[in-house]
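Structures given as structure tokens follow.
Two complexes follow with chain A in common, the first pairing it with chain B and the second with chain C.
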Partner chain A sequence: MRFLHGAVRPLLVYLFLAWCLAPILWLVSTSLKSDVQAFSPTPVWVFTPQWGNYLNAWQEGGMSQAMLISTTVATASSVAGVICGVPLAYLVTQVWPTESKASGRVTLLILLLTTLPPILGLTPMFRTLYAAQLSQTIAGITLIHAFYAVLLAFLIFRSFLVGFPREIREAGLVDGIGEWRILGRCVIPNLVGPMFATLVLALIQSWNEFLYALILTNGATQTVPVRVSGFLSFVGTNWSNLTAAGVIGTLPIVVFALLTRKYMARGLTFGGVK
Partner chain B sequence: MPKWVLGSPLILFAAIFVAYPVYQGIQTGFYGLSLQNPETLFTGLDNFGTVLTDPGFLAAAKFTVLFAVAVTVVETVLGFGLALLVNRDFPGKKVFFTMLLVPIMVAPALLGVMFRLLLNGDIGLVPAVLRTVGLDVSLFAPNTVVQLLVLLDILQWTPFAFLIMYAGLQSFPTDVLEAAQVDGAGRLRILRSIIAPIMKPIIFAALFLRLIDALRTFDVIYVLTAGGPGTKTTTMSIYIYKTAFESGQFGLAAAASTIVMLVLLPFVPLFVRRIANPDGKAR
Partner chain C sequence: MLVRRLQRLSLAVPAALLLLPFVLIVTLGGLWIALHGENLLEPGSSQLFVGLENFKHAISDATLRASIKVTVIYVVAAVACETILGVGVALLMWRHFWGKGIVRSLVLIPMVLTPVVAGLTWRLLMDPTAGTANYLLGLLGLGSDHAFLADPSTALAAVILVDVWQNTPYVVIIVLAGLESLPAEPFEAAQLDGATGWKLLRNVTLPLLGPVLSIVVLLRTIDAVKTFALTQTMTKGGPGTSTLAISNYVYRVGFETFDIGYSSALGLVTSIALVVLIFPFARRLMTGGRPGPARGGRR
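== the complex of A and B ==
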């Protein structure tokens, strides 16, 4: 492994990075080309940026509507996820000892739901929401995303609360303050960082979700990924507008992701890696 | 306020999203429900028989498993290698980490769109470059499309495997390494006898997480090939999706979902024991 010393090591690493980022850079560059340049059979490397593509995608392409819907759905569902996830993780780690049967069962159930492919729920979920007249509505897709947000939030909060001393709760109970007060005054102040991280990870998860959004929304309620992939057929694939829409839809997520770098490994593995 | 109120979100969610859909999903499998035939007609095990003898279902199952295993192994190995490479200071390390997160954060559906542009036979960058070196191949042809999809999955998800294993390497006990070096162990020897065994749980975590995710692959392949050419790249997710929402055969789709669930269920406790207990206790 001696050859990995010196300049070779960073070179290898940067080569890998370039390989990962190249498609995204090409997307950005296409979004700034004219239609003729985007359709050129030989790649065009030098061009004057056509910012009008972004205006087209935003207005005629319906990205303004999709962005508003995605923001609503992602915000509502991730806030719901955090609000439901905190007391649940508290119940499973503090009220019940982690070693207890009840705690183990709840955790197993949630891991089960996280592990099984979402496709298995698609048909029944579609029929359930249809029966509740929530199919094709923003409320319907928000509910589904909130469900997945709760799973994510629970697993992250659990991993943080497993090592939280149970004596604090016991002292609180002796002093006669209730579970909710203990949760609010002693536990939540220690969870601010993870709560923020969970919020952002749930936002990203909802923002990028495609399978359910594809089935459970229509032209008036499409989220960003469905809208962007819709360009492929609707406009006869106007590549410059499509790529502009893609950049618009991705930018907020990338910014959010950079805000939570610190928590990423833990969040991505549902707390499995500290 | 009683204790169970703390768990009420769980009870509520379990009722809305688990109990009823599971009941309905399993029940639908026993009915001949479809868009063409909306009356619910009890057909017993017919749907299950139809699905299990459908060559499309078996082909989708086979493709899904092969695809998932291939990408999982390659991504884990590459991610581990990369984590070892990066586990030392080099210029621009912070920028590297930041940029590496980008492919993970881009919506897989959008990535599919992106690859459609890059690989487009007429206007794509990749075919154009290949033509200049004299290779005039159609990347979506039956004999290359699978390798192509594997390659694209690697491109997107190796950073994920890398991040997990890099996080693991960060908490690596360095005194063990120093002791080994003092004892004169070579680099390969250290890798094989010290780093690999200590990293085993983390490597397993990466393997399992990637496998779970790869088994459910839908977005990229659906946008890119829609399961084609023919049914060559139809994953289980795409098969069930098409059965339900393109052919309108809800009964068949529900039966297929139930079968897949029954096959996957026994593996979940394995996953739980391996990685989901950060405190390390099996239950």
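== the complex of A and C ==
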């Protein structure tokens, strides 16, 4: 591995970074081209930025509406996921010892539900939400995303709680404080960063979800991925508007992801990596 | 004592309220639908009891077999490439180099990018007439009119390539974090014994990294099996069945031909198969099998 000394090692890393970022730079640059330039057989390198593409995508393309809906759905579902998932994670790590049978069973159940592919619920959820008149509504898709947010929030927050000193809860019990108050006043204030990371990862999961959003929303309730895919057209896709919509739709989650970078590895492996 | 016990259990109530109805609907509701011949285009068909007809159909369904094959190839190829490439890059990024912090942040971007947007971006890049991939291949003299996504012999490879592009950073980030949490002593000892380069990598680094690698491969597999957005936006499963992953097929049966009885049966059959195949590994890796993180001390 001698050849990896000196400048070769960073060079290879930067080559990998270029491979990661080139398609994204191409996406951004296409979003600023005219439609003819965007679909030109020889790439156009020099062009005047067409900011109008963004205006088109935002107004006529319906991205303003989709962004509002995705923000609502992702925020509501990830908050619900944290509210439901975090107390359960607290129960199985702090109240019950992590090694206990009950704790292991709950964790396994959540892990099992995470392993199940979403296609399993496709028709029954469609049928049930339709019967409850929640199909094609924001509430319906939020409920589905909240279910997946609970699983994710539980697994991620559990990983941060496993190493949390149990003495804090015991001290709270001695003082006669209830479990919910111990969680809210003594535990969560010490885990603000992980809590934020959990929320953001659930937010990203909901924002990017496509399968359920595709069958459970209509023109008035489309989330960002569904709206962006709607820019494809049989008669000729307007690629400059599509890419502008793509940039608008991904910007918020990229920013959020960079903000929680520190907790990524731990959160994404459910504590498998510290 | 009883009050305290109830108070403890109340911690599980919010989650149970959300999870239990969902689980009941998906299992019992799914089974009920699968036992009926419901087609959304035929009014009244939801009452048509067909027994195990849908499941029998699944056994002799050639398209299902094709989609299982596509999914297996997709998962094995994508996860293998991502792991090998990802571990390689993580090893390169391990020790300090100029700009490490920034590189570490920027490689995250493909990973969190909305899969629909990733799929569409690559669809543009791979377009037969306007795609930059063809332009670049043309410059190298390799022809500039490849219809990567319309050609059954290249479509699956093209979609897998995009999965690899999008998810290798996941492996990099996690393996890098794993490498950085390794103790220094084994390396010092091995170096005292004169181990360097490949020997050090093969006999010390990779074995120590074992647990992290298993988790990465497991979580990537669970995720890749569910693939839908990339295939749906890039090829819709076509041409023919060449990129028709299981999710695309179940979606197609349920919401393009509206045969939701059969779609439900397919969902049940493939889910049970997946759980039987994957869950034992998940169980061993995520709960037992290796010591949990150390107690206390950590904020």
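Heads up, the rule we're going with is that the second predicted complex is superposed on the first by the 271 of 274 C-alpha atoms of A that agree within 3 Å, B and C clash if a C-alpha of one lies under 4 Å from a C-alpha of the other, contacts with A are read in each partner's own complex, and residues count from 1 in each chain.
Note that in this section a residue touches a chain if its C-beta (ideal position, glycine included) is under 8 Å from a C-beta of that chain, and two chains touch if they have at least 3 such contacts.
Note that the coordinates shown come from a computational prediction; the quantities given were computed from them, not determined experimentally.
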Side-by-side fit of chain B and chain C on chain A, or clash: clash
Chain B versus chain C as contact partner of A:Asn218, first or second or both or neither: neither
Which of chain B and chain C A:Gln133 touches, first, second, both or neither: neither
First, second, both or neither for A:Ser64, with chain B first and chain C second: neither
Partner chain(s) touched by A:Phe164 [first = chain B, second = chain C, both, neither]: second
Partner chain in contact with A:Leu122 - chain B first, chain C second, else both or neither: both
First (chain B), second (chain C), both or neither touched by A:Leu112: both
On chain A, the residue positions that both chain B and chain C contact, one per complex: 1, 4, 9-10, 12-14, 16-17, 19-21, 23-24, 26-27, 30, 38-43, 83-85, 87-88, 90-91, 95, 98, 104, 106-108, 111-113, 115-128, 147, 150, 159, 162-163, 178-180, 183, 204, 207-208, 210-211, 215, 224-226, 228-229, 231-232, 239, 242-243, 246, 249-250, 253-254, 257-258, 261, 264-266, 268-274
Chain A residues within the chain B interface of the complex: 1, 4, 9-10, 12-14, 16-17, 19-21, 23-24, 26-27, 30, 38-43, 83-85, 87-88, 90-91, 95, 98-99, 104, 106-109, 111-113, 115-128, 143-144, 147, 150, 155, 159, 162-163, 178-180, 183, 204, 207-208, 210-211, 215, 224-226, 228-229, 231-232, 239, 242-243, 246, 249-250, 253-254, 256-258, 261, 264-266, 268-274
Parts of chain C lying in touch with chain A, wherever the complex brings them together: 7-8, 10-12, 14-15, 17-19, 22-23, 25-26, 29-30, 32-33, 89, 92-93, 95, 97-99, 103-118, 120-122, 124-125, 127, 129-130, 132, 135, 165, 168-170, 172-174, 176-178, 181, 196-198, 201, 211-212, 215-216, 219, 222, 225-226, 228-229, 232-233, 246-247, 250-251, 254-255, 260, 263-264, 266-268, 270-271, 274-275, 278-279, 282-283, 285-287, 292-299
Complex contacts: residues of chain A adjacent to chain C: 1-2, 4, 9-10, 12-14, 16-17, 19-21, 23-24, 26-27, 30, 38-43, 80, 83-85, 87-88, 90-91, 95, 98, 104, 106-108, 111-128, 146-147, 150-151, 154, 159, 162-165, 178-180, 183, 190-191, 204, 207-208, 210-211, 214-215, 224-226, 228-229, 231-232, 239, 242-243, 246, 249-250, 253-254, 257-258, 261, 264-266, 268-274
Chain A partner contacts - residues on chain B that touch it in the complex: 1, 3, 6-7, 9-10, 13-14, 16-18, 20-22, 24-25, 28, 82, 85-86, 88, 90-92, 96-118, 122-123, 125, 128-129, 155-156, 158-160, 163-164, 166-168, 171, 187-188, 202, 205, 209, 212, 215-216, 218-219, 222-223, 236-237, 240-241, 244-245, 250, 253-254, 257, 260-261, 264-265, 268-269, 271-272, 275-276, 278-279, 281, 283
